[in-house]
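After this come two complexes, each holding chain A, first together with chain B and then together with chain C.
After this line comes the complex of A and B, so read on.
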């Protein structure tokens, strides 16, 4: 605001009214504190429930920390070393869970970025029953993970499930182990997640689509652009900020996968579909080793931070 | 600290009001409340409680039909004891064990906690629960009053931490209708290995895969656990220093079970609960499942079923089992009145465990188990003999995660990802590392 006034004042070529400088300096001094005061309600909450726990988590990760055992020795980077040294008890579990989460993320993110876009494009057209379909595609998202997890576990059961029954009825193999063997378990987990959360991303895309000025489409059409050209040169650039948001949140959500694996595959076969967040929960809350769990969380958060930064860089680069 | 003072002052006020009877207990309160460790010796070990009124919080994980029966028992207790009010909080067992340590260390924990036997050592070593030797002594409870297997399971480092309430073993459920269709006598379930395989062969002839083997802990893993002990194997050596579930008997037991799939007595890739659902719908004849399914099956009048002790497949009888135990939680601010009230409650409920048996569990207390009323509970009573050879996990802190490694090893074998030998070898290698970690952590 101050900048605008100054620019305006300079253009006016009029001398500043007397006393203004003094008043300005007063407001300026006020200004220094004002933004922080306005930020305070959030900053206090963020500090107490965001920043402080993060720092405390880092502190815990440097200890052999158990909520109830009286001695919590400082072990420096010992917990982190355990994650990388092949003779520690958690090395195998940890990296198998990283592999599981990585596999899930790599498989699910492209689908969760592309399919909702297609859905949004279709739902953006004018056709009878549009509102119904918009609601229908969003509907699964309102269900909790426990509901969809149990539902699909029974639907996908290799011997009793409806899916195999229907496949058998149309002459396809009816003994696919959807939830107890790889790669089928991954197909199930990714498929269920896409079904479950596509609606959410589609709604965001839909909002983005409605933000693109119709004049741009008209202008493109006048210039002789076909359907595909309009999509490539109007829709996609117009959606870029939305896509960045969708991509980032989807990567983070997929990397945090837990409930689906816990309920649908239960980690089977062996521990091959046991994910990172599951591992962290087990380590901290089942085995009460908060130190190790914190080290895993910190390391995992750093990995995700790197991915997110790369992600932002990539999109900003394209924008330039 | 302030809270502690406050509550003591409030108690004092109350105590004066109650007069001479209370003064005795108060003397005890003033003397010992500064040291939480002495809380275990409060009261007269649960015979009676005459102090000022106490409110006790009790946590359990009885989320099924057993929860209602438990609550009814607590109500009865409350109405019979004017100066003790017990309130019950119920969580899913998995949440329960992860919530408890945090709640206790922040001072919001319960006074009484129901716990599985295999968790006692962990929580005792972590200082969450207090010793109960005086309860056992003053109530003159001894091994003779309980089944020895259950009674010994409450000990850790020679000290008692849990008063057993019940025992819940794995039982052998058979679908009578399916057996009849295959020409088998539905009232004569197989009891030996030969009878068992003969029955399975008959069932196969009638087009039924008779013994679905689940790869998951519930219930395939527990079936393997039982078989391993039937073959004479053990999960760990006597000092619980090394895992031994890759021994020859263990591999043989695992192979026998996995071969059920290869020989077509079970489909491959049985899902969670699929074995039980198939049993109920007549696609499966036999399932080794927890005693808790009795109540569920009673609600399904269409299923003709029976339950018996596990057949003896190996060289001896053995069955997976666990037991619910009462424990008293150590508080940051000890209140001896609460502790003595809690002991009265534990003793009372233990004596009233016949009603608990109706919830589908075998009572731990011998007098209750041998009463005519318990014998009238046909199905639950059918599994009582298993008490003699029940295979409980050893009392070692932090063993829960190691036992899960055992179940995961079986999962890989049952899903044919590895040979039994390979799966168990790999599991033992990992379990040994976990045991070593636990020794460092708990220092034993």
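After this line comes the complex of A and C, so read on.
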């Protein structure tokens, strides 16, 4: 096919190479639609399940939207008012779930920022077996929350679980109710999450550590800086952007905690470990009050957006 | 480093490894115990006797067709991965290499959704899925997740890191955009595509919340959604529950062992763009 065009082009008595110039201009000028054709398949998905639900969610939240009833009257900010007025039916449950998610996030985020950094520092030098250890630390993360939930519900079983067995073996109390009473339920949820996702953050830190120019360490050493000084004045500043990323994504992930609470503590004791996401899906998809659940979702997304922005501000500011 | 330092380092590393790996070993050991064996208080480490009881239970259960869930998950994760690769690579090519009206705005919109908690879209997405009759079908766990911005963002970054000279040469040879994309860019992007494939497969295979709420029929569930039922049905019959957990773990652990480089690279690179 190309040969035929080549021959045809050669017959023109324009200066060489005429065919080439002409065809090139065709690809540039004639195909305005090309970028949109390439984008189209993704944009259909993105539009339908990425953008539309954002707007649709806000729309739903302004209505009394029962999934089982045909009439969905517009009620303005009524659903939002319910979240904030103490005489509404949902007020107690909603704020209890906010407290649960807040507790989990406040307890888990610092650990998930610090422990993985320690793991990354341990793995940051070249030594035999390094790849193996990195894989071992990361391994729990490739399992889904359903697996780790069932597994830890079992490991934390007060009588039949491995955790109490090991604690007993070293002379500690072996009858702790890990999944049925506070504060143990929080220790369990946070501990399991640290176990599950530390390897993920550690790998991100490792990449950040390897991005710090070795010359900086050499220069610091020449200046007589010890290990700790080098860590404080070279490693930490060099990691700042990566830390911001880890902090932001970890807050997002922790605030979305759901499966661990559903499978490990099952909300116990009472409903104290029922989280925001759990409350939203139950309200919307089990109790069919989509309007209220959508209002919760919008409020939740806005709160997280504020946290992310504050994060960026704080970190950027310190850099200046 | 001194000899003592080396010994100390390995001791610490092995201890940490034990913390990460022991629970997985316990899952494996329990899955080959008998019911009575797993009920011992205090529990014992090694199965006595070795038993396939747990696996027999889940593979022969008609109320909980675990094998069917396994196949559903395999099919869903594979189709999802293909869909992500096809749509994200084409969109990323346009965003990385073509100039067109609205490009900046579109890219900002796509990246913006990376910061949105996906759970906040569950209610509207459920209603949308209901309207198009996708609830309780395989499609509902394959398609909507492919709207994620990650693949487009990730591949765009990779395409931008490839020098454009080869493509320019192809243009001079008369190739059109589609040919350049298929014959020049995609072959050069095999490592990035493999990484995205592995990450997409893992994400879909492990997805829990969405399938739990959009799949109802026992024969349509994916494995993670089914595992929740298993916990309800077998309560403290741990060999059965752990056998189910093993079935959900082995494919991804094997995938991780063989594609470790891709998983680690994908995760590392996502952090560097922060």
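In this section, the second predicted complex is superposed on the first by the 271 of 320 C-alpha atoms of A that agree within 3 Å, B and C clash if a C-alpha of one lies under 4 Å from a C-alpha of the other, contacts with A are read in each partner's own complex, and residues count from 1 in each chain.
Just so we're on the same page, a contact is a pair of C-beta atoms (placed from the backbone, for glycine too) under 8 Å apart; a residue touches a chain by one contact, two chains touch by 3 or more.
In this text, all values refer to a predicted model and were calculated from it rather than measured experimentally.
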| item | value |
| --- | --- |
| When chain B and chain C are modelled together on chain A, clash or fit | clash |
| Contacts of A:285 with chain B and chain C, given as first, second, both or neither | both |
| Touching partner for A:306 - first (chain B), second (chain C), both, neither | neither |
| Touched partner set for A:157, first chain B, second chain C, both or neither | both |
| Touched partner set for A:39, first chain B, second chain C, both or neither | second |
| Between chain B and chain C, more extensive residue contact with chain A | C |
| First (chain B), second (chain C), both or neither touched by A:269 | first |
| Colliding stretch - chain C into chain B, listed as 61-69, 115-123 or 241-249 | 61-69 |
| Shared chain A surface residues [contacts with chain B and with chain C] | 67, 153, 157, 159-161, 285 |
| Residue ranges of chain B touching chain A (in the complex, touch as defined) | 97-98, 101-102, 104-105, 126-128, 212, 215-216, 267-272, 274, 277-278, 281, 283, 398, 400-401, 408, 411-412, 415, 417-418, 430, 433-434, 436-437, 441-442 |
| For the chain A and chain C complex, residues of the former touching the latter | 2, 5, 19-20, 23-24, 27, 31-32, 34-36, 38-39, 41-43, 45-46, 48-54, 56-57, 60, 67, 119, 122, 127, 129, 131, 133-140, 142-147, 150-155, 157, 159-162, 165, 168, 174, 195, 199-200, 203-208, 211, 241-242, 244-246, 248-249, 252, 255-256, 258-259, 262-263, 277, 280-281, 284-285, 290, 293-294, 297-298, 300-301, 304-305, 308 |
| Complex interface listing, chain C residues touching chain A | 6, 9-10, 12-13, 16-17, 19-24, 26-27, 30, 38-43, 83, 86-88, 90-91, 93-95, 98-100, 103, 106, 109-110, 113, 115-128, 143-149, 152, 171-174, 176-177, 181, 202, 205-209, 213, 223-225, 227-228, 230-231, 236, 238, 241-242, 244-245, 248-249, 252-253, 255-257, 260, 263-264, 267-274 |
| Chain B-touching residues of chain A, taken from the complex the two chains share | 64, 66-70, 87-89, 92-93, 153, 156-161, 175, 177, 179-181, 266-271, 282, 285-289 |
